[in-house]
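Letters A, B, C and D mark the chains in the order given here, with residues in each chain numbered from 1 onward.
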């Protein structure tokens, strides 16, 4: 039996919060972070999805229901995580935010309220998550790398360039990017690593039956999709960077992507 | 007395719509556009301000009450302008959108709803104005420069860089910038010139009593403020560019500004 | 007959120096600047080209032989211009610098010495021209716009993005762009307007026989080429900007260009 | 004694080439790459420096004399490495290229030939090294990550922004950056990972006597310098990325750096 003194001597595991419950990046992050010894919370609108239940079973991932664009819901999420698992040192925001009916719509055709909903889902939820994460992390003690915590915002190529037929998504992605820049300049000198990771690709992943899937309907599944397990690896590397050499933005794209 | 045939032979004047009723860029644009022979409409939440009444008196500027972040209000604005003055060929969006209580607030202190209000005021109103302007302009015939119209979005240096203590403003400005990029790539090949003009400076102007004023409270009034009359000049030059050589983004800054 | 006192009262004409003797932007600038009342000098490796001789005849443009990548030749050029026409207030660098054999060459095939020659022709000549122009302009008195002079660097889309099969040109264009940025931050607070104008297009122009020509061999002549007369207009507008609102970079591209 | 069959079963070690012999990033890379099982070559103008001799002794690093701005010398370097160690899969270009007398010189004061020397030392050597590396790597078989090799260009913040009083360095850094962009777009679809890593900081390192040193003379040694061991870590992570998720540019800066 472990002695109390021995237990105290062990560092308590880190706590990671992943916001967005998709089967791609969020699931890959959950598995990798758990395998690296972290306690992992995942927040999603619908945490009852079987993929998330699987993560709970296989990786002890804790599931939380949360509409991340609601201030009260986000505050409650972080309170619950602190109570259940402890104060987080790694928070990842993976919400894309597009509603299906806004896809490939020209500026003259797009439904204005759906456009605004896209911004709310993506950028405003990033603000709320980032705000709560920052409040908690500023209370953390610096770790061996001099960091109080890491906040990562997944983004898309629309963060770098506003494409035609996607004005609403360009608004949302660049809003999120602007927020990340401001937070980085504000929080990095206070010991919190803020990073923005635009993925310039469709995201592919392997289904339970072994077949290869991707995030965007209607696209050909080929060799040119980003592997979410590799994205999760990058996130862990960012989290482990020493504060002497922090990267703010890392764009990940497949070898065949044109840019 | 003018003969009907003579009147028909004259080209009808262009129609310009200026959204945002401030005493700086909007007023300068209104004066310059009117002096250049255009019929000018100005839309503001409160069109009863004495500065706008003066513009009506001195430059026949037509005033419209409009909350530009309300879809129905924006649709009505453009219907009214078309009915009163004709179809616009130049639309300028000058709304900054910051509510006073969001100024210089760190991410942990900022009121989330005010942050979202800032995005709504600035970027969402730009979406609504841009959408209505595009719908009308696509129906215009190309002019001698091959253009069906010009849509200009005034922006700030936060569009280029997210500064600390201004996460909400960075979201709003970069959202507006992303929208402008998407609209430019979509609409320029259809003959509409879309331009984004970040002003990397405080805006100064001369009051009626001759004293020098500026837009941001608490700043020293000095030689390093942008002159809104010169900004309006740039807008007119952009509007008159031939479609063979359109500029999308022009950053204007005073000579002493650091960047 | 004009009295001496009257002559003194007249402002002496401005002096413009155009470096690079091509039939596109340089010729358009020469005509426009001369038509605007400036004394114009044009410097080219071979000033005996018939196009330049025509400019001399029609617009009193003064021609100078100059290899702009040779320090001594550039120093001599400016001495000669000052002696012949007066101190310049507008200097435009139009040299592209590509040698034919470097076009569309992959990194593994490109001749290294030709690559370096490209950098020398383009970026190093920009350094030499910018240095001499700055030395002279710092001695000028500010004009009505508060400016001692304007230095404009024409550039290409490779300044914004390094394309495949053109590593040497990307080096040259981005070197020139970096120089322009540094000079702008250094010289604008001293009253000299430095501007960079990447042209994201092929340049078209009208030949003496009325046919339409373009700069790059092997491209289809169509509606999507930049008109050098319009580029020259932009340059004159940049030169006339008030120092309260200087633009550093203006990218010009045709309406149909993809970017 | 090892049996031949056993030796064949073992994968042969990777070969890394580091160009530039400084005590900061180059030495850290050499140690880390060697500790990771690679055979390491280091090329420097003066390979007899004691720091490099130490690396040979402690990490079996092979030293080569090479003026990397000479085409023939660079060709010979790679021939020698292939002969001595094998074909490289990782090549790092660390040359800064500034000659001391060009530091903090305004455009009007800078010696033009030293400015050009800076571009030659930095960007042209990057072209030569990149060219030879690409030629060799295209012949490699893809590894488990689908990559034939990795070429990394260390750069500085001047790659991102041309600062005043450093026009020559801005030219050199942005030329190198443009080259890297072009090479990435050209070579990544052929299986070679090209990356650019601007270090937005002074580089610090620990001397043999334990004292903390930095690269730039005259700067205060403080907590805000990049640790070259951490930079080397990033390089190894870049080298090990799967081709499904390659990063092209990673800017590294200390937590207290303003940007």
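To be clear about the criterion, a contact is a pair of C-beta atoms (placed from the backbone, for glycine too) under 8 Å apart; a residue touches a chain by one contact, two chains touch by 3 or more.
Given the structure is predicted, the values throughout are model-derived calculations rather than measurements.
Q: By label order, what chains touch chain A and chain B together?
A: Intersection of chain A and chain B contact lists gives nothing.
Q: Based on the averaged CA atom positions, which chain is farthest from chain C?
A: Most distant chain from chain C: A.
Q: How far is the middle of chain C from the middle of chain D, if each middle is the mean of its Cα atoms, in Å?
A: Their C-alpha centroids are separated by 35 Å.
Q: Taking each chain's centre as its mean C-alpha position, how far apart are chain B and chain C in Å?
A: 32
Q: Taking the mean of the CA coordinates per chain, how far is chain B from chain D in Å?
A: Chain centres of chain B and chain D, defined by C-alpha means, are spaced 47 Å apart.
Q: Of all residues in chain C, which are in touch with two or more distinct other chains?
A: 185 - these are the residues of chain C that touch more than one other chain.
Q: Which residues of chain C touch chain B in their complex?
A: 146, 185, 188-189, 191, 193, 199, 201, 204, 225-227, 230-231, 234, 237, 241-256, 258-259
Q: Touching chain A in the complex: which residues of chain B?
A: 71, 106-108, 110, 112-113, 115-116, 119-120, 123-124, 127-128, 130-131, 134-135, 138, 158-159, 161-168, 170-187
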